[in-house]
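Just below sit the structures, each encoded as structure tokens.
One chain, subunit A, appears in both complexes that follow, with subunit B as partner in the first and subunit C in the second.
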Partner chain A sequence: MLVYLARRVLTMLLTLLVISALVFVIIQLPPGDYLTSYIAQLEAQGEIVARERIEFLRQQYGLDRPMIEQYAVWVFGLVQGDLGYSFEYSRPVSEVVGDRLLLSLVLNFSTVLFIYIVAFPIGVYSATHQYSWGDHGLTFLGFLGLATPNFLLALIMMYLANVWFGTSIGTLMAEEFIDQPWSVDKAMSVLAHLWIPVIVIGTSGTAGMIRRLRANLLDELQKQYVVTGRAKGLPPGRLLVRYPLRMALNPFVADIGNLLPQVVSGSVIVSAVMSLQTTGPMLLSALQSQDMYLAGSFLMFLAVLTVVGMFLSDVLLAVLDPRIRMHGKAG
Partner chain B sequence: MSVHHYPFGAMAGDYARATLGLGLVGLPLAFGETAPPVTALLAAASVLFVIYALITVRRHVTRLEITDAGIRTLSPGTRPGVLAWQDIKRLTLCHYSTRRDRSGGWLQLRLKGGGGSLCIDSRLEDFDRIAARASAAARCNGLNLDHATAHNLQRLGLEPAADHDGVRW
Partner chain C sequence: MADRLPHYVNPDPFDVQAVERLTPEQERYYLASQWKLIWWRFKRHRLALISGIVLLLSYLAIVVVEFLAPYELHTRNTGYIYAPPQMVRLVHDGQLIGPFVYGLRFELNLETLKREYVVDRTDVQRLRFFCRGDPYQFWGLVPGDLHLVCPAKDGTLFLLGTDRLGRDMASRLLYGGRISLTVGLLGITISFLIGITVGGLAGFFGGWVDNVVQRLIEIIRSVPELPLWMALSAALPITWSPILIYLGITVILGLLDWPGLARAVRSKLLALREEDFCQAARLMGARPSRIIGRHLLPNFMSHLIASATLSIPAMILGETALSFLGLGLRPPITSWGVLLTEAQNIEAVALYPWLLMPMLPVIVTVLAFNFLGDGLRDAADPYE
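Now for the complex of A and B:
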């Protein structure tokens, strides 16, 4: 297992290295750089910027250096905990992002937790009570969740939360706590506001997960070993938990890796709609203005989250189910 | 009696991976001023790669003697370990792969009993024969095998007979 862990960690590190190169190249792909956009913006407002000043700024920000050199400086900075400098805010990226990375992490982790806590019992119930009224009702809700766009659900939930529960709309905490140091009251305020975005972002993932667990469990329940177990007089609950449920859990666990990117990308749009203080809205703005170090840091954070999710899912799967796959031939 | 070892060709990948891993996490630690959380992560990864390198070296220098009585492991600097076939109390055969579709990868055979344990992987010469001999011993000893082990033995062409509560040889 230790050998597996070491090999998997190495794969993760190499993946992150490749992602960092791709992120950097993609951010640089649009013509021009941050200064070009900035100058175009100033000229649109009727201001004239001296050529010497432009060259000075380009030199100051290191934009005149070759791309590979800029990339190397950025990556070594990242490894040392230096996220770079935001051109747009004229401050280090770490100061600009403030609590946003932490809040994004809390939001995404809570959403994944919500998806698993809700999807697991409903998926098991739907499979064990196939074609019952409960199964039909939950299936209908599941399809509704899959079909409703997140931003629409966000608008509906914001309205309902305000009218029914009196929760302030459009933030992840009460206004008096924004940009304030962390305290128990601030954490409680975040928790009180968290449930709306968690439900909004998590609904489609929950619906998908319910469908997958139901389908997997139904497949297992129809296999001969379950019939044999029933014929031998095993109690239904024990039979379900010990055999088919364990087998049906594999795809459920493997989905952690697929779920995180889905949750993260879903949360960007929802955060923009709900004005949440997460990385989403700031990432969009940084990409528009080509603020490359700010955008790059956010994208790397999302990449780390995804790659770590995949790593956890793979390790859990290796522990739970160390079987040779049909197409796999061990070397 | 037959003697088996891990050929260098089979271990070269592990040496390369351990070196690359140590380089990737060790260089920033050695030459840069890293932030405390990053330092902790890099240090943990470094420890993991050092252990990986040590396991690789140990495997490479180990020789296994298979006799009718059992398995004897010979590593330089350590006392020979002996595991008699009749003392085997537990057998697990796991498959690991770092690919998303779980293709390729390697098998790990773990034997326990007689106060000792032994772990070998499928890159060992004649692994299939050793696995067959170990499974025959498990059958003689009447061991219960978990589902994954039974499935993997089946894939190697060593058919276990199943009952509903685990698989009994």
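Now for the complex of A and C:
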């Protein structure tokens, strides 16, 4: 188990390192840097920018150094919790993002939780009542949920809320709590607003999860030991819970590797559409204004979120399934 | 030794059906080629067949958009801003007079400042077919003005309403389909090429190549797609021409999608590599390229096509999402995502709900591709 854990931690760190390099390259891709556009903007406003000042700014932000050095500085900063400097806001990134990272975490975590809680009973019902009306209906709903893109669902929900209740649902907390320190009331307000984005982001994931759980459980239910158990007179409930369900649960947990990137992707665009106080909208504006450290931090944060989540699910899986511990890898 | 029976030889030609006589149907089945078997199996899948037909029709439609759309992409009807959809009717005053629409009369609600249109039941505007209408450049090259259907002279025909500049939504949807539907195809071609090459290398050579590829695939799959797409398309220079941006977006979409395909290719190759026919070819001295191309590819091409079909929707949605956020395509290129940017203003949508119409083709296309892919996947291995 320890060997497995150590190997898994190492892979995770390596993955994160590669992703950080990738993110750094991507945020460097646009021609010019923020300073160039900043200077252009100043000049357009009729200000004369002294050469010394430009050089000073360049040096201060480390833009004059070679690429690899900039990358090293950035990564070491990240490790130490220094997220860099936002050019657009002229403040350190960590100050700009505020509790957006935390809220993103809460949003994504609740969505995953929602998917599991909803998908589990429905999947089990569908499998045990195969080809019943309930199963057909749920399968159809599942297909619809799978095909409706989450940001379109967000639009529809916002439209309906506007038409029926005349209110905007595009927020994560009541207005008076925005930019306020955390308090019990604020947390309650967030909880009260959280469920709409959670449903919107979670729908397609839930639909996919139901389909997979149903397929897994159906496979399991056709196996001989189930027939034997039934022949020996085990009560149906116990027969289901005792073995097949446990076997079908395995891929359920393993699937988080597919689920997490999907949920994080979904939360970004849904947040942008509904302008939630999470990373999504700010990532969008940072990308548009080429505020590279801010965008880079967000991208990195989202990647860390998925990679660490997958790591945790792998560890959980190893605890559940001795075969994985022994072989040292999943599958 | 002497009492051994004389060796008997039947002079008749050997009848292959001597043991078991096959009915004509059976014979047809046993002699059918792989692709024929796939087709027969696919046909049984009703939903997949219907989806296939729907998609085929849509792709045919986008070839002749200019002819099908009643208006040109940029035609502004300044007198009809935010006009509601007009219904095509057949019966007027209890008389069947063929397809027509009632005219619209514009009124500004002075209390809410909402643009309201009243259907004028006396103003019958009969549709014209195969008529001269808005002039267009067919595929941007050949000038023409023939349309399948046009509004009556001085009349209007807004099947899905108009937008804030008075442009016909139905026509714009048709034009948008040309972009949105091809983005998926181009993107999948790119990801297909990368996926086959990378997966083929990993599966055929195994060893450290396989290891490196596997790690790479794991890393790419663990990154959330959309934020990366956003970052990459934000990096496209604004100075690029629309057509370059379009190509850039397809490349970006294809660039992150290949791991799934590569993985499928790899696992199939690993399994097939051990088969006897492959071994035989290798022993006879066939080069790797011949073995891959001649013996392995045909064996799992059908699987590949099925999984490619299943990943097209993700690309279409990706383009829609990017354009919707303002990071993807921009006007004057019109895709469904670009059309949906109009729906970002939720107050406008509440007043003029037909702005949400571009959602419909997106959802229908995505569903159709999903059903088609499912059917293809089930039919892909006819010898199972």
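Basically, the second predicted complex is superposed on the first by the 293 of 331 C-alpha atoms of A that agree within 3 Å, B and C clash if a C-alpha of one lies under 4 Å from a C-alpha of the other, contacts with A are read in each partner's own complex, and residues count from 1 in each chain.
Following the convention adopted for this analysis, contacts are C-beta pairs under 8 Å (C-beta built on N, C-alpha and C of every residue); 3 or more make two chains touch, one makes a residue touch a chain.
Predicted, not measured: the structure shown is a model, and the values here were computed from it.
On the superposed subunit A, the positions of subunit B and subunit C stay apart, so the two partners fit side by side. After overlaying the two complexes on the shared chain, residue contacts for A:A318 are found with subunit B alone; subunit C is out of touch.
Legend: residue contacts after superposition of the two complexes on their common chain; A:L13 is shown touching subunit B, with no touch to subunit C.
Shared-chain residue A:K232: touches subunit B; no touch with subunit C.
In the superposition on chain A, no contact is made by A:V184 with either subunit B or subunit C.
Set against each other, subunit B and subunit C touch different numbers of residues in subunit A, with C touching more. One geometric descriptor of the composite model is the angle centred on subunit A: between the Cα centres of subunit B and subunit C it reads 110 degrees, in steps of 10.
With both structures placed on the common chain, the touch criterion links A:V3 to subunit B but leaves subunit C unconnected.
Between subunit B and subunit C, the smallest C-alpha to C-alpha distance in the superposed model amounts to 7 Å. Shared interface residues of subunit A (contacting subunit B in one complex, subunit C in the other): 14.
Those residues of subunit C that touch subunit A in the shared complex are 215, 218-219, 221-228, 230-232, 234-235, 237, 313, 317, 320-321, 324-327, 340, 343-344, 346-347, 349-350, 353, 356, 359, 362-363, 366-367, 370.
On subunit A, the positions that touch subunit C within their shared complex are 14-15, 18-19, 22-23, 26-27, 29-31, 143-144, 146-149, 151-152, 155-156, 158-159, 162-163, 168, 170, 257, 260-262, 264-266, 268-269, 272-273, 283-284, 287-288, 290, 295, 298-299, 302-303, 306-307, 310. Every residue of subunit A that touches subunit B in the complex is listed here, in rising order: 1-11, 13-14, 17, 76, 79-82, 225, 228-229, 232, 234, 314, 318, 321-325, 327-331.
Those residues of subunit B that touch subunit A in the complex are listed here as 14, 17-18, 20-21, 24-25, 28, 32-35, 37-38, 42, 45, 48-49, 51-52, 55, 94-98, 100-107, 121-123, 147-148, 151-152, 155, 164.
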